[in-house]
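Before anything else, here's the structure in question.
Labels run A, B and C following the written order; every chain starts at residue 1.
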Amino acid sequence: MSEFKWARKDLLGLRDLSKQEIELILDTAKSFQEVSDRSVKKVPALRGKTVTNLFFEPSTRTRVSFELAEKRLSADTIHIASSTSSMVKGETLKDSLRNIEALKVNIVVMRHPSSGAPHRMAPHFQASIINAGDGINEHPTQALLDMFTVREKKGKIDGMKVTFIGDILHSRVARSNIWGLTKMGAQVTVCGPKTLLPPSIEKLGVRATTDLREAVKDADVINLLRIQLERQKESYFPSIREYVTAYQINQEVLKLAKPDVVIMHPGPVNRGIEITSEVLDGPFSVILDQVTNGLAVRMAVLYLLAGTSQREEKVAE
Amino acid sequence: MSEFKWARKDLLGLRDLSKQEIELILDTAKSFQEVSDRSVKKVPALRGKTVTNLFFEPSTRTRVSFELAEKRLSADTIHIASSTSSMVKGETLKDSLRNIEALKVNIVVMRHPSSGAPHRMAPHFQASIINAGDGINEHPTQALLDMFTVREKKGKIDGMKVTFIGDILHSRVARSNIWGLTKMGAQVTVCGPKTLLPPSIEKLGVRATTDLREAVKDADVINLLRIQLERQKESYFPSIREYVTAYQINQEVLKLAKPDVVIMHPGPVNRGIEITSEVLDGPFSVILDQVTNGLAVRMAVLYLLAGTSQREEKVAE
Amino acid sequence: MSEFKWARKDLLGLRDLSKQEIELILDTAKSFQEVSDRSVKKVPALRGKTVTNLFFEPSTRTRVSFELAEKRLSADTIHIASSTSSMVKGETLKDSLRNIEALKVNIVVMRHPSSGAPHRMAPHFQASIINAGDGINEHPTQALLDMFTVREKKGKIDGMKVTFIGDILHSRVARSNIWGLTKMGAQVTVCGPKTLLPPSIEKLGVRATTDLREAVKDADVINLLRIQLERQKESYFPSIREYVTAYQINQEVLKLAKPDVVIMHPGPVNRGIEITSEVLDGPFSVILDQVTNGLAVRMAVLYLLAGTSQREEKVAE
């Protein structure tokens, strides 16, 4: 493992991280991966630390993954959901966080509908902040688990052709992946209907195309984004049926990719829309490995941040 | 305690269990019962194991009993409620469970409105599945705690006259009890309005009657089912008032039963409907013992299943 | 620390407590305060004890503070919220508590919209009951943390001039503080619009006034109550704007108080209504210290009550 030491208080996004920092997280995750395969799935690394999961948007998948990572690290966890939270009503985000900070919490895992919210808050607090998704900006732990999975399945990230398909415009998952993958030397392509491709996305160092066949051709990795069916009423594309016709990944399209292509998806999957059930349940799909890896990556991030908490603490028991 | 060893991965219902298996659970529960009477109510039996409580129907009583059983066994617990769960929306049950499985969860406690759901899922997963109620089919831990209570109060189950009163048609509690009690040699009677008795219930080896006095006569145990007041609009019986007149257990009716009869109810009780407050709070009621015993029975089931998990795990710490 | 020993099973309100009992809680809290400053924020004091947080009113702030206090004492915790609780529907409060008691729970932290609910329940149960707010009656742990903060900032409570401003009529925080502070020798003033001052509040040994300047004059402590904006429709005062004009604490009004006055607020704060942002974020505000102290006070209360639980328990492991 790298001699490089983690120094940041927060994990806000992959935009800010260096290649070395990303590698340290992935290497640390690798060493945590076996904890969940043990008979006793628990290490005392964060015993007596407190982690607050502060979710201003509903989430089961990310919440459960973080909560389990925290518990397997022996942390004490508190969950605050904004929908049931009077802490949040009639109070600024900063005041909510000040209150959490006053409880001597070590790490706040925060999901917020507003892009940049955790970035604006982090400098004002001693507690470490982990961005668990901010608006359409970043979702760094998702991208890290995606990259961990690429490295695990392909042996490396450098030089890999990685294609994202779907709603690139609203996807914090795509955005974080682009920052991370390009730093690690991957060649990224984004593909979707013109209305769902951000106007000057190429400036981030990626190729953009509306043509699925072109996007999939020779891909090592295809990462499908979830179509938000609830966004349909805003008419970013004519109909689900047309989307399926033009962008669904099926057995036939897959033949254009590398013979050892892997298919990824952040979940939950709309079977029969982004992807056919055949491909989803087929040999190229590594979607469940992503879930498993997510746990290891989140344990790694929590572990690294716990070591750099700026909270002044007496070491004595 | 029996020399017999537990071998099943799942607890889906009492229909499948042998007499020996039921006895093993009840014996194991007996040995866990004293844990909750200790000053330190905690044993390390499931330390480092993860249990997910996956509830697709709201429940406080069963959820709290399982959660406490898990915590007193030192397991890590995760709760997922379908009403607040995006994991569940637009995703098949099988895909939700696949995701949970990918998190290396040992046991899934699952409540689902669809009869047979846990039975259909269990063969596809390494994690143990405990059925915490599936539609109108089974609720095995409730029946086991009822049987545990019968054995505790009466010294045996074999030969006991056990009468169920109420909505037999929609009761998974009655159904699980019937499977279990008949295997253990009890004589079961079910009683309720004709519209709430399943047509060919006698085929399960029980006596059915619409006459309360006949059902209660010489009973050792009377197990009252909860009248779902919200089901009233479907008109299974004319009115609550008529139900009360015909089927309520009061002091007078109770004189027909054995002098040492015990009264059971899975809760929550509608005071003054299924039962008068006098009887509920009187000497024959063992309803709160059922609650206490439920904890011990659930600890036993979790403990036995944790020992037969098919998850491949390294033993090394 | 005092030689005096805690003997009560419950903490229902400050009305019942003696000066000695209050002092014991505050002294015990002082010794718990440093736990949350440690690297390992956890002591084994309540290991193997079960605490149920039973909230019939939504609350994030108080719930999180209690939950964290319980976890830092190593207790097992169960949360039951009435809005999602079938345990509660169609069941009396006493029956709900009987069910919790049957699970061998040591302590129930209870919030209820009905004044006196915990007082009516406590004598019937072995489990300790902590009142976490009952209607408009009491909120003892809030008052204790307020008093802890006064003592910490001022060195003593005796002789201090403490002024409450706002909706005194509906404030359980004010009521508990009045009981506690007057016992400890403080001089309490309450101030607000006439419609929000209880008619014969002076009988409790406090001064009442509708004049903010009179109330603030020479105050050592100003404790602001939250204006419930949702209560506005009941027209206790003409408009928020008029309330702000007459009762908002700003820099100018503050000049009338002692030069070392401290400003307190139970939170969440409506910035720009009860208080200007300037004052809230200024040097006199100790609102976040209150949050920190609340954790220590709740740990102390949980710890003291755990030692006097009437539950009969075998001491053997």
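Keep in mind that, in the parts below, contacts are C-beta pairs under 8 Å (C-beta built on N, C-alpha and C of every residue); 3 or more make two chains touch, one makes a residue touch a chain.
In this text, all values refer to a predicted model and were calculated from it rather than measured experimentally.
Asker: If I superpose the C-alpha trace of chain A onto chain B, what rotation angle comes out, expressed in steps of 5 degrees from 0 to 180?
Answerer: It is a rotation of 120 degrees, to the nearest 5.
Asker: Is the contact between copies chain B and chain C built from the same residues on both sides or from different ones, judged by whether over half of the numbers are shared?
Answerer: different
Asker: Take the average of all CA coordinates in chain B, do the same for chain C, and state the distance between these two points in whole angstrom.
Answerer: The separation of the two C-alpha centroids amounts to 40 Å.
Asker: Give the residues of chain A that touch two or more other chains, as numbers and ranges in rising order.
Answerer: In chain A, no residue touches two or more other chains.
Asker: Note which residues of chain C are touching chain A in the complex, please.
Answerer: 34, 36-42, 58-61, 64-65, 67-68, 71-72, 81, 229, 267-271, 288-289, 291-292, 295
Asker: Which residues, counting only chain C, touch chain B once they are in their complex?
Answerer: It comes out as residues 47-50, 52, 76, 78, 80, 84-92, 95, 98-104, 312-317.
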